[in-house]
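Below you will find the structure I want to go over with you.
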Amino acid sequence: MNTVLKVSCVVALMAAFAVPESAKGAVFYLRAGETNLAMPDGQVIRVWGFARDTSLALNDGTITVPGPALEIPIGDPNLTIHLKNHLPNLNGAPVPVSIIIPGLTAALNPVRHVNGRVRSFTHESFPGTPGTYSWNDVKPGTYLYHSGTHPALQVQMGLYGSLTKNFSTGEAYAGKIFDREVVLFYSELDPALHSAVALDDYGPGKSVTSTVHYAPKYFLINGSPFSGAASPLPAGSVGEKVLVRFYNAGLKSHAPLLQGAFMKVIAEDGRAYRYPRERYSFLLPAGKTMDALVEFRSAGQYAIYDRMMALTTGAGLPGGFLAFLAVSAAP
Amino acid sequence: MKLRAERRVSHKWTALLLLGAVLAQAEIRVQCPGDTDGDAVVDQPISGRQIKCMHLSAGDGFANMADGKLQYIFSFANLTGTPVGDAMMAGMLAAEFPAPLITLKEGEEFYLTVTNVGMTRRPDLFDGHSVHFHGFPNASAVFDGVPDASAVPVMAASFTYYYNIVEPGTYMYHCHVEATEHMQMGMLGNLYVQPKQNDLADGTILGAHVHRNPDGAGPLGDRYVYNDGDGSTRYDVEFPIQMSSFDPAFHEASLQVQPLPFAMMRDKYAMLNGRGYPDTINPSPIPNSETGGFGQKMNSRVSAVRGQKILLRLSNLSVTAFFTLTSSGLPMKVVGTGARLLRGPDGKDLYYETNSVTLGGGEAADVIVDSSSLQPGTYFLYTSNLNFLSNDGEDFGGMMTEVVIQ
Amino acid sequence: MKPLAIVVFALFAVSMNAGVCEAAIQGRTGTEFDLVARAGHITTGDGDSILMWGYAVGNGLMQYPGPTLIVNEGDLITVRLKNELSEPVSIIFPGQDGVLAIGGNSGLLTREAPPDGATVVTYTFVASQPGTYMYHSGTRVDFQVEMGLTGALIVRPSSGANRAYSHPQTSFDREYLFVLSEIDPTIHELVELGRRSEVDMSRYFPVLWFLNGRTSPDTMADDGAPWLPHQPYGCLPRLHPGEIILTRVIGGGRDLHPFHPHGNHLRIIGENGRLLESAPGAGPDLSYSDFTLTVVPGSTYDALFTWTGEKLGWDIYGHGPGDPLQPNEYAPDHGKPLPVQLPEKQNLMFGNHYSGSPFLGAFGDLPPGTGGMNASGGLFFMWHSHTEKEIVNNDIFPGGMMTMLIVEPPAVRIP
């Protein structure tokens, strides 16, 4: 095991120093760590998330779930993420972490267990040893980033976020113009897993040994389940072109349904369709992003809810994947 | 070990005796024009016809999951080339998971004989078996394999299906008798049809593409997923990858002759070509720990040289779940679904690019990955239903394989 | 096959031969509809009786699914709702915009009818675009759709009958509806026992699966079968060779279903009530074919299906070379013999929908006690969820989300 760890550290360092900082384009400093999320039913869930810091030296960001929204400047194909690891130990050992962007092509440096199984899709960051992750072909689009290490556990724990890049200002993809943008970032929480991790009770010989019994109880849009207290998401005014970016960081598929209006579904996983489809609802599989353009024809509040009925919070309270888009009258 | 071996033999003989008593008149018979000795291999080709034959047994066997757990299974085994007189003995307890790969060419006449060898470990069962060629267009009922709407062979009997192969694409096959049970038990296999466009003369112009065929549709020639007319579905290497899943409680109940948990079925092993990770990347056939037979013959490790176009023939035959198969940064282009080129009726190109494909049971997609933008190295094809990256209670497993670009 | 299943199928055989099948989609036509939400019990293929909530027409019985509303493009539609249940209910119409709700009380998604049996909520909208849609409760959507408050809405194009959309390339000879749904009976039991507050939808685990509100084999019984008073809609598509049927498929429940039509591919021409076209008036130029349709809950699909048996390499009618061609027969295969010999009877188990002959319109010699559910010599093709777990009724196979398509011989009349 030690050998594996050393190799991965060397790889991380090599990656960090391979390219001079100035040539890297967008640079982000992320930190993985723990925080608590309070649910509308009063439950407090221990989660892992990412914070965005201003430098490697400072820990001035806040750990959130989903993690910080990363925006890549127009025209810049390069992206570098420096990742610090402040995750707690499990089983008396540090928990490695990493970042992958499944929708973007990049060389990977997989890390294997001593038995040969891959435990991380790419090189790992350890406490005290930050890792650097680089992409040099970031195309315009809507993407998820998440941990590439032990993803069955770490993505569930909350280590995910969004990454976007526009084709030009107000143009998501070539020819896909928008006036307003709405983000709907879906994710799920199974409190049983979070509790096992918080109690250091996950792993071989512990009471939870794999994630196969996944049963999410909380369904979060932009980090929180629907509750009566939620305010609607501003979605521009009548006649404007509203770009809705959908992300599913959950492990299950969902089907957002927009009540009272049609969307033009224009892209999936950051790839624009040749022929957009006009739909009021579509399948949003686990790990996928979709982009849609909507032009509302009248002012009001439009419900968007999961037609696969993840509409509960905790032990059956109404809530879950429901949000309202607020559309104002034409100016 | 010796004891176990003897028990195996006695099981087989018990089954044979039972069959002999009950089905004295049943007949094992291979129908294959041009086959002179009954082994389903064409010995004397018939001029003007492209005849392909196979002989499958349908029966029981065992498979090991990636965590070592032994599963009792039903499935098919390949008896093509086996003398017909040896078929019963060769087919018993020989079930393969997934079922033997069937590859066909457009223009072939496919004679598929299935011999029901019975379930050796379940001598109380008298189930028929069938083949459903899933997705076969303009099907007949008699060769569709649905027991309600046709006839299926009893134990120690054979049935020969006839298929005139006219539509290329990625299909699948499975038994349709007691479908929920027999499919959960493993009677599932890959099946695909290659198009006639592969056979065009060297230098044929296909739109902007010039077809290469210097060796008569041999390894040097161009291959396509469909008759696309423009070379847009050309690929260099192909990999059939079938998703499936098992509920160990169901398999255990079957072996122990207990009531089968249909309603409570919850699959815990999610697999590619009948294996969970890391068995998916094991290049060798895997023996099962009960009989020692090598029934898990297929891996799903994808390998290519940078610049090659990789065809993934994806299908799902899980009886419980849709799965989303995603990739770590592989550019996927979907060119076909349901054994049809993705084109509108007037030829509009409906291909689309994506990073994942979601398939339910009985669904298939043809995905081309152009590796020219990939650095050499290892990538991953895995389910984004991440809880299925498990072999039941074991972590770091499940529905995942590796893609190696050299 | 299990003994109970044999009994159930035998019962069905009697009913089918006695009844008359209807090729048109059953439902309510007009522009004004009076619906009442009330309770009743449905029956399932495992012999269970399950409490459902549903939309009834006026004083009629609760029905599952609710009445199929069949309206015309451009009509102003009025739906009035009263509620005889124990909690507020409502109706929303996915895919319709500008729905106006008046009366009752305000709710989260729309105005709701209180459970007083008297208050009327009126929903009005213009059915502006043809297609297949659905309606369902907009109140505790996850729970109330599970309880049965859902139904189909069909908007016929003004361009003429027997078209799915305005374009002539959406024409059909016959049409059939497929509402796919599933339920978890434990929820319904809790409601029946007055323990509504214990219902936890996050523990949802379905064990019954439906086509048009019926489990197989009831799916194959007639529309309006008298022993299914709360499940009036059958689901038994039939066609002659070469005819085009329009299949209107609705994801009415909450789970994904892979819907597999044996016999041939579906060509999907519309989704979510919109023709798959690249530009208005282009026709279904973005339509696609598939052998299994991913049915997403909340979405609808319009697909065309046809069957001729072409290119089988043998004559599906069993003709001799001198026999006349049948309508829409594939001529190059005419008179070609079956290329294999079918095994002798003692080698085979026979299905009850098998005529004993591989040929369309022909009968063969069947052993006593087999066959019997194929009166016309038709070819039967199973249409079902390919999540095969869903073709059971709780623990009993076969059943669930499954029916048969019958290719009828040309001479057999299909009403």
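The letters A, B and C name the chains in turn, as written, and every chain counts its residues from 1.
Assume contacts are C-beta pairs under 8 Å (C-beta built on N, C-alpha and C of every residue); 3 or more make two chains touch, one makes a residue touch a chain.
Treat the numbers as computed from the prediction; the structure is a model and nothing was measured.
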Of all other chains, the one whose Cα centre sits farthest from subunit C: A
Most heavily contacting chain pair (counted by C-beta pairs in contact): B-C
Mean-CA-position distance for subunit C and subunit A (Å): 38
Rounded Å distance, subunit B centre to subunit C centre (Cα mean): 31
Subunit A-subunit B separation of Cα centroids, rounded to whole Å: 36
Residues of subunit B whose C-beta touches two or more other chains: 322, 348, 350, 358
Interface hub residues of subunit C, defined as touching at least two other chains: 256, 278, 286, 294
Where subunit A touches two or more other chains at once, by residue number: 253, 275, 283
Complex contact set, residues of subunit C against subunit A: 92, 94-99, 108-109, 138, 140-142, 145-146, 199-204, 251, 254-256, 271-274, 276, 278, 286, 294, 296-299
Subunit A-facing residues of subunit B, complex: 268, 277-278, 322, 324, 326-331, 348-356, 358, 373-375, 377-380, 383-398, 402
Residue numbers on subunit A that touch subunit C, as the complex places them: 215-217, 253, 255, 257, 259-262, 275, 277-283, 297-298, 303, 305, 307-309, 311-312, 314-316, 318, 322
Subunit C to subunit B touching residues, read off their complex: 1, 169, 207, 256-258, 260, 262-265, 267, 278, 284-292, 294, 307-314, 316, 338-344, 346-354, 358, 379-382, 385-389, 391-392, 394-398, 404
Touching residues on subunit B, where the partner in the complex is subunit C: 23, 25-27, 29, 31, 33, 109, 111, 128, 134-135, 137-144, 146-154, 157-162, 164, 166, 171, 176, 178-181, 183-184, 259-263, 265, 316, 318-322, 337-340, 342, 344-346, 348, 350, 358-364
